[in-house]
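So that you can tell them apart, the chains are marked A, B, C and D in the order they are listed, and the count of residues begins at 1 in each.
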């Protein structure tokens, strides 16, 4: 069995390593090619060294290639994995900084809300270039496995406009699944779940412990009495209490999709936890990403050495990618939760939106389970996001800055905090600041810049309600020494 | 041609008179029966005197009957018109007063928002009783013309659960149509419109002056330069500026469906006008209704005398009801905007919701024009309301107080102002206060009352950001003497 | 008011004259341009003379132009009317002749069945060229009013592939409406109808006489006792008896869409009438068209003279075209039955098919009445045709001869008569015979020709079960002298 | 793990034995109860003896109960399996005999066509009684696994009217899968398939050998060169040649769903094979069933002895039932092809119809793979059957004999052979003959009987084009001695 996998944005070193290790664990895949590509030659070189070392040490036949020429990397690929971040940490910082001036205090900012919407504006033009290359030089029918955020918007654009067979992948469902098992104090493999909705707003609709259905009260009591979750997951637990269903998304992330928890700066601290990883802090994921980038740079030799451990000791992670490939190539059925165009899967969300819902992969592709009806409150919450996403994707495709502003205006948290005039000015400011990554708005930028000369609303100068400082590499080492849990958001 | 029309809630004297006069103007309808019914015998008597006087003076053959026995009034009816207000002004006052304690400052409060949702909880059980009677004693296939608010929820319940052929009617579209012609400074009959969306959030999607399409800029400039609208319709004009489309709903009413204009009490006055009628004042329609009720009581003799004028001098209004009946009975085609189940009419709203959109009435019924796609921002705004309505209707049918709270939580304005805990307490307080009209929550009230003994959130004691006092009858007479324009909300 | 109308295939002299006269009767249209175009210069010249004479005699300001250069005729047109017949009578003769060899005895052969499907293969490439011109040189958003058969397939191709705003028009519904009034022995204007389905298989779903619903038994008895229909419309009456609904299509035409009436040659005469016009005879419409063409040629001077009569004496016909234009330009509402893409109109036919159903034309376009459910037997019959049409249209677009054969194989009458092998050979024979009009099958023709050298099935040499000879012009004059009723099929 | 399974129609001895053996092979199921019920006490006793012997010999803890009281058998059941044949062989004989008089020569007659439609009329009232019992006394949410034919109609009625969670099961897909592997000369487990459509008209849309896609030509050549299939499966091979896809249904069975192969009696023999099992003979499945019933009666002691063999030697069959239960109870994923309501699964079939398509069973139920589009010719063929089924189911529910006649009239084979008058008389004759099993037509039977006194069409007295005699038990023993392959139709 031989085929080619291309990883775009392979310079996301940690994630690429994880993906590759998983893939290399599949016995049938020993004779494949993995092509790494990134616009950053330095990062690309680091990850190539790491993966090659894994291959060498384990005496595999896998061919590893690395090039900054994306098109050549895609030639003949049957599978393309994408984990890019357009605009990098620089644009990301603006996604957090500018909305803060208008009172919008985001924790992650990569899905919807002002930051996520702009992130999508940057990402979609890039994704469409990838799609063009895939259509033109990859294997016919090649599958794009997208990990890049904002997941729903990016996948939407690739499917509807990029015309590439695309599935969006995330590990949020697995993370919540583990939490539920922990909250119920039972082993993970005794807990079965149906989780459905849209990425980062997926709902555990049915939870069974050894086949017995777990009700809201039992679940709620499990979480409220859990020594860690009870204070780290306050928003999620409150949503569970109100809606009756637990949500996939981490505490701080969830809080920024909803109009209720972050609109009063003085109350934000009531809903979040500042210990450990990110549970709601202002710009938390930006801090986390910044720290990790620095850390990796410094400790590269250590990471390279670690790559020398035998693969046999590596436990395959629960990331979907390697399992999907395994199912498609061998026919062994894999059940997971995937981001695809809705069609007829979720009956009370729009057919054109990108949902995340259970599917079964076999030889023929990803088979989504038809016919799910979300509880009304979950559907209402999801459809508010979907409406924002639809306007955002269309704006990203057309460069229509008015539509972009309408998208931001309809964002639940922005809408609960800002007035229309504030939204209009905030978007102008963001588009001007990020113009280099927004080719589709080239014509709109000058007028926006002009409007900003005579601001119509006042802005606020602050760091947000709950800001932590970026830690030094030494701090991180110390912290790591103490513990080693928690999953990143992605 | 003979048939029977029944008017439920006929004690809405002014409105019933208008409906009857319109109907009596149709030449083919001279030999029909109009049955008036109301739970208030006094009001019923007043309106019966008025209508009979009209019939007598004009020497018509129409038979007018009046009874508080609704079921007997409905016997054999082919058309049923409904203009009830369950709970009357007493419950209405609570719809305004209690949300204010939680910071929710409503102007009308009869559509969605906390007041509108509770209004629906009161109205739906009553509507279902009407439907039961209609199914059992009216003419088979009888048509219910519903004027009662909250329009969308009430019509939804009658169609889906009441199993009665129902159309919801409102005159908001005609009102905005007149404004548009005025803003464009052209005669009304030269302006054609397509207006579509949901009741009170219908959008003028296409406006033609003598066939020429009117663009956003031209319309906006017309409104902004209009001597009255420029300051009375600030929210509508701002929405037109942001969305590109003018909305049907009056300024203050529109402001309470959206999360952006009434959430900061200190800015409410920027968006409303306190002169004349209701353009955004706190509890404006409650004040208006209270004044009118008193006025009518006092001046009844005058109104009765007025009924003695020849019908030939009455100009048929643009209320849809008499035209619908005329079309159904004679086959003359009538084009209007009607509230019906969506089905396949508006492609980007849910099939089960109640929309307001153009239709053509002929001998066979109301033919809705298929295949409208709302602009994305309009669809997003409407679908937020639809989601609230769906939860509200289901809650009203089942008495599920948690679902009712979810409905209120998802209301755009409530969501922008309150926290979940505040919503939970506010709904408890409203349900307890209005328990006498909420039979479906009988089982939930005791627990709610218990919870209220230990309130979890603080409330505010105020009159709202823009409160006017109820005027005396004499004040009203004086005001009327000065002018005589403006339309009520209904 | 000024705009331009272009008539493609204007050489259909009688029909073009009728259309133009109707249009010229609309007072607001006095200052427009009518551009006539046809590939046949001779016919074009004749019709141009006639129309110009009408304009002159009536002292109208209408500008009449005529050119064989279609593209220039379309320049700036707001409305395009199409009444072409690709392949003319020559190809038409093959549509009848070749299927007869395989036992398929068609009466008209212009809708589905072997002849209609091939007719569509010829017409669709031409229509797509018209559409290209319209998109490129006509007024933006120009409306194509298509009269060319096969109506459903042609309109389907223009909408889905030609990307032109298209409505298909036919007068079958009006014809049946007149018959129903006659069968009920009441004036036409007292009868209201809802007719819905697909072109040539539209069903009178609701018939009212002065508002009173007419049941199946009353209608059936009216037809069975009618002195003419009882023997001219036997198939239609039998279908009414079995299905409970009367169908639009003329007797002979209807018989060839169904598997039941023409499959046994020895019984065909039981179902048809040979007197007068065409009520089922073999190749009847081919004979009729051939006669008329000859007649017109000979009697042109007479026709020209007739054109000199004042327009005031011309009674506007019930063809939809002039009414549609009038509604669009003036806003006066017109109710008719139109051929459009289904979308959500008929709930139990596929959304992509072309339906014929009631609509209301106003300033904004053709508003189809949403939400019709056909009776199951009517839906089943229509969907059999729709499936044939879908395959035929796709085959016409792709030149996939296997798909074309599958289309013919699934035709109800062909399927009841032929074996698959016979269908395969028959289609080969038709494609080879008509190759000059079938550019999309250019690559498939040589192999088909090769296959025909070794025929696999036997064919029959006959004239059909009920063949009449083409009459001479003198015969026609004599016949006309005797009577003057009946409508052509189109 | 303990729960109860009820088998209705357990007297289908061979099939019940197979189902039970499969279930008893699941290790987790050792402690369950299997309740057998049948209206025939004698058959029930035989099967109970057999199953009990299996349990005893293998020292299982399974509880076996048997009763003719269906309701008590259903009490507390979590799973209900149904394999009834209403009217038994007696009514079945009429299903074949009467249509023959009108020229309709059926091979199996249990799906659509005249026989299958009447079979559905008998079965549906019984199924609805089962459903009532299930709703009332079985475990809430109990799953009905229906094996009874006509599969699509029966399952349709149970879901839409019986309101019971139902899945229809058949082994046709597995049978064709084995044939495909054999035709390709490769091991079955190297061949993966997607098969989709409606029961007995499911199409192998995608076939892979070790992941490599098999094209039409390769498959066709495999079948045409296969020593057995080339002459036993002529219709299926011809359909593959015309449509491009292989169908699930056995040769003779498929031939009776299509209008093309059985309409000319003199050509039927060209398409069928008379050797071995049933490949198209007239009334073949009736003969087969008759023979087997007699055989079983005679050889019961032998069968009972055979039941004494250890279960370890029994190879679990590929019937879906035991696998579905295993997946639901243990969570182990099972992929199969299931009959369920379409909803959004197959995009080009109606949402209300019963489809057969791939699904994955897990702890939560049967997850159908969303989003299949059938090739147009396959969809056209299926939708013709679906339309017949819809009318048949509605007729069965309402006792509307006109609708029943419309259903039969629209059957593809009946429609190709009969005239409407013949259909009307044939249905009258069938309804009268089977009146004892058709309670819903009780009111229609007298009039039908009356009409039959003056027949309007002539009938034919013959045995069909390809009739074999029922063989004696001794003949069967001899034949079995010679070979042991082939699967029954069911």
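Heads up, the rule we're going with is that contacts are C-beta pairs under 8 Å (C-beta built on N, C-alpha and C of every residue); 3 or more make two chains touch, one makes a residue touch a chain.
If you're wondering where the values come from, they're calculated on a predicted model, not measured in any experiment.
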Label of the chain whose CA centroid is most distant from the centroid of chain A: C
Same-residue or different-residue interface between chain A and chain B, half as cut-off: same
Chain centre separation in whole Å, for chain C relative to chain B (CA means): 48
Centre-to-centre distance between chain C and chain A (centres being mean Cα positions), rounded to whole Å: 56
CA centroid of chain A to CA centroid of chain B, Å: 44
Per-residue multi-chain contacts in chain A, two or more chains: none
Set of all touching chain pairs, with the criterion as stated earlier: A-B, A-D, B-C, C-D
Contacting residues of chain C [partner chain D, same complex]: 238, 242-244, 259-261, 263-264, 267, 348, 350, 376-377, 379-381, 383-384, 387-388, 390-391, 394, 402-403, 405-406, 409-410, 412, 415-420, 424
Contacting residues of chain B [partner chain C, same complex]: 192, 194, 206, 208, 211, 329, 331, 333, 335, 343-345, 347, 358, 360, 362-364, 367-371
